[in-house]
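Notes to accompany the following structure.
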Amino acid sequence: MTTVTVWNEYRHERDDPAVAEVYPDGIHAAVAEGLEAAGFDTRTATLDDPEHGLTEGVLADTDVLTWWGHRAHDEVADHVVERVTDRVLDGMGLLVLHSGHYSKPFQQLMGTSCALKWRESGERERLWTVEPGHPIAAGLPESFVVPEAEMYGERFDVPQPESLVFTSWFEGGEVFRSGCCYTRGAGRIFYFRPGHETYPIYYQDEIRQVLANAVRWANREGVEGARPTPTYANTDPVE
Amino acid sequence: MTTVTVWNEYRHERDDPAVAEVYPDGIHAAVAEGLEAAGFDTRTATLDDPEHGLTEGVLADTDVLTWWGHRAHDEVADHVVERVTDRVLDGMGLLVLHSGHYSKPFQQLMGTSCALKWRESGERERLWTVEPGHPIAAGLPESFVVPEAEMYGERFDVPQPESLVFTSWFEGGEVFRSGCCYTRGAGRIFYFRPGHETYPIYYQDEIRQVLANAVRWANREGVEGARPTPTYANTDPVE
Amino acid sequence: MTTVTVWNEYRHERDDPAVAEVYPDGIHAAVAEGLEAAGFDTRTATLDDPEHGLTEGVLADTDVLTWWGHRAHDEVADHVVERVTDRVLDGMGLLVLHSGHYSKPFQQLMGTSCALKWRESGERERLWTVEPGHPIAAGLPESFVVPEAEMYGERFDVPQPESLVFTSWFEGGEVFRSGCCYTRGAGRIFYFRPGHETYPIYYQDEIRQVLANAVRWANREGVEGARPTPTYANTDPVE
Amino acid sequence: MTTVTVWNEYRHERDDPAVAEVYPDGIHAAVAEGLEAAGFDTRTATLDDPEHGLTEGVLADTDVLTWWGHRAHDEVADHVVERVTDRVLDGMGLLVLHSGHYSKPFQQLMGTSCALKWRESGERERLWTVEPGHPIAAGLPESFVVPEAEMYGERFDVPQPESLVFTSWFEGGEVFRSGCCYTRGAGRIFYFRPGHETYPIYYQDEIRQVLANAVRWANREGVEGARPTPTYANTDPVE
């Protein structure tokens, strides 16, 4: 069974009543609820847990990690960041959500600034499925709406995605590459844009469908047998 | 000096007074004017010329070919299509403009339907530069507007571009991958979305800048020395 | 259950005793045997069957099609080629094997010549897994040997693969991109190099593992829910 | 005129007589000599220069930086690494040579381990041009030999290259993706495998041709006009 660890900064929800009203048990609870309903073995971890809840043991037992952070990216300890990125290179899937674009693990794995433009004005977002044959698009319509969203706009400073699954249209005139797939080492990474703390986006059916699909994709579902283990060493000739 | 052949179907302009008013000498004249001003050695060719103006000699002497067609794609003779695609594989650059998405050469080089959604209602389009470091984006702003455009919307059924330079936002709610780069054989191909026959888009400065940049890119500007000639044959061991 | 149709030209095996000795029931039988053992619902079809065995009904009921052809590519009827490529764009997986690089469906989907260099001298080939995290590499070692193979050498004139899973080393000094992944429309395509008619390559364990993995990948294993159906038409504004 | 800064660790040449015999003035001198002959404005910088020779001023005035390091990667100061990677994201080209695969700037820009297998036994390497239409392949043959080389073998743990220009064959049975292109931010990066300190590889014509081509490519040769400057900030609606 696929094991998912849902990580959340979990600060906004405890400090800001407007956020607490939308996510009373934290954003992680809403994300985890959707993934459990999709049949995954789901646990949660947060910034203020010891080791941020991401010990060697937890990560070793995690097939796919989801990451939500916003205002406390800098408080994530560098040794935990290394642990996370090492596990990704070793094959763990990683889903980076919304403001996680500025998280340390994502920036480190991308090698770029991951900067973008933004606007908090509760405007309408429409996501278009540009790659309908991609597993992450399964069960989704050709476009769907997030009624109130924080805008993220291009230029999004990331390496060009290996697959671009969704592109967003915003009321205010911007566009954004909202669903971006990457491989780093043996790990698969999916960045998904929607998900601001003041809007109930993680309760929305389409969003939950995307996240469930992305977990399956990031876990290379259907794969039987271990992957090859490369030799990174001084070697004798094979021939 | 870079030699550009500007190809145009050239039917709308002769039959439809509304189009003739915008492009009295044909769309090709407007495209060629912009490319000449950018310093290229430019000629034109149209569907109703003998061999559609695309003889072996003309193509052999063409570094980059631009293609505009719309309602008479089927009238382009298959042997000329082969001649064009062979030259692309052999290294000629190709710029496919607007409704050229359904042209035979583009469909053949892409291997897909190249279908899309559309709407003719003179709505506003804003192109965003998603890859500002790309040569085709040189001299352009981070976004620019085509005041009146025919809408093209995703899903655009093409192979995912090797580089995506521009993405369009439309008033009516759609998005589109508007500037797509491909390599096929030794040739470079750029698809550029704007350019409907009833709007004066090919007179617009930003559009002309994109086309000039794209000609340079498609001609692999700055390259000194011929490219390697692969041996496609039964060969002896090299070692 | 995943349904696979194994297509074979099936001429060498009937005309050439040396080939018949290796593949007495045809190459398709050997390929199908391996895929059945991997748990797929497998049937076969050959060039000399009515409609080449690829009727609308057969293709509609095929999740993944494998293709082996060599000397009779030209005898495949164009309307059947269209039927195959249309089904690929519609979502059917396609595995193109060895000399199938010159088949009509592959050339049409790639848009290039698909040319390469070759040599029939029974030399040693070693395949290296360059993308060990890819599902098609599951269960394989970091490299494995085909003891006697026809050499295929670069330049292989295809669009650059979306993922390159294997690269071959040949005794005679050549290299080759041996496992190439593509998406065209909603369909996934995998080209796999090994498999000459005079060597028992399709009985080899590693080769069978690759083909089974590739079927799963091409069928987008683990996907729940239909994919989005794009509207390719004149549309009203969505906003 | 294109300005190139050739950076070298410059330790082996001073400590090891065998290396000093091949590169008496340092590897940087040999690389710079080739690039000067190709018409670039070339300067050098080494690890033991103040600020490693890579001050803000030097980098601001550098179009393309080449990087050779091997045993002292860890001695490169982190603030200089940041300065280099920031300039790459800002548009400076970067050529990473041979053992530079383990340098801090390359690892940081790739986000992966950049590990590989290796063997120092003076064996024969043959580089195949797999993308003959690429500007970096201009003037090169379809394959060429480095008579004595240190072997580097796959799996090379990097993100899959945006373009793969060369693949190497080695006497001992390995293959390697030897010429890999990337874009990070507005900067272009080329990794080129050949170039060990004990072999006179940087005096070889083909190698010098590749490096000159790569400088032109990394500097986006032929581009007129500045690139767009993205706004990374809280913005007002544009529409």
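Lettered A, B, C and D in written order, each chain numbered from 1.
Operating definition for what follows: contacts are C-beta pairs under 8 Å (C-beta built on N, C-alpha and C of every residue); 3 or more make two chains touch, one makes a residue touch a chain.
A quick note: this is a predicted structure, and the numbers were derived from the prediction, not measured.
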item: Lowest number of touching-chain links that must be crossed from subunit B to subunit C; value: 1
item: Pair of chains joined by more contacts [C-beta pairs], A-D or A-B; value: A-D
item: Identity of the chain that, by mean CA position, is farthest from subunit B; value: A
item: Where subunit A and subunit D are represented by their mean Cα positions, the distance between them in whole Å; value: 32
item: Cα-centroid distance, subunit A relative to subunit B, in whole angstrom; value: 36
item: Residue list for subunit A, restricted to those that touch at least two other chains; value: 126, 129, 131-132, 142, 153-155, 160, 162-163, 169, 171, 173-174, 183, 185, 228, 230-231, 238-239
item: Contacting residues of subunit D [partner subunit A, same complex]; value: 85, 89, 108-113, 115-121, 123, 153-155, 157, 159-160, 162, 171-174, 182-185, 228, 230-239
item: Footprint of subunit C on subunit A - complex, ascending; value: 91, 124, 126, 129, 131-135, 137-143, 162-163, 169, 171, 183, 185-188, 209, 213, 216, 220-231, 238-239
item: Contact footprint of subunit B on subunit A as seen in their complex; value: 126, 128-132, 142, 153-156, 160, 163-164, 167-170, 173-175, 177
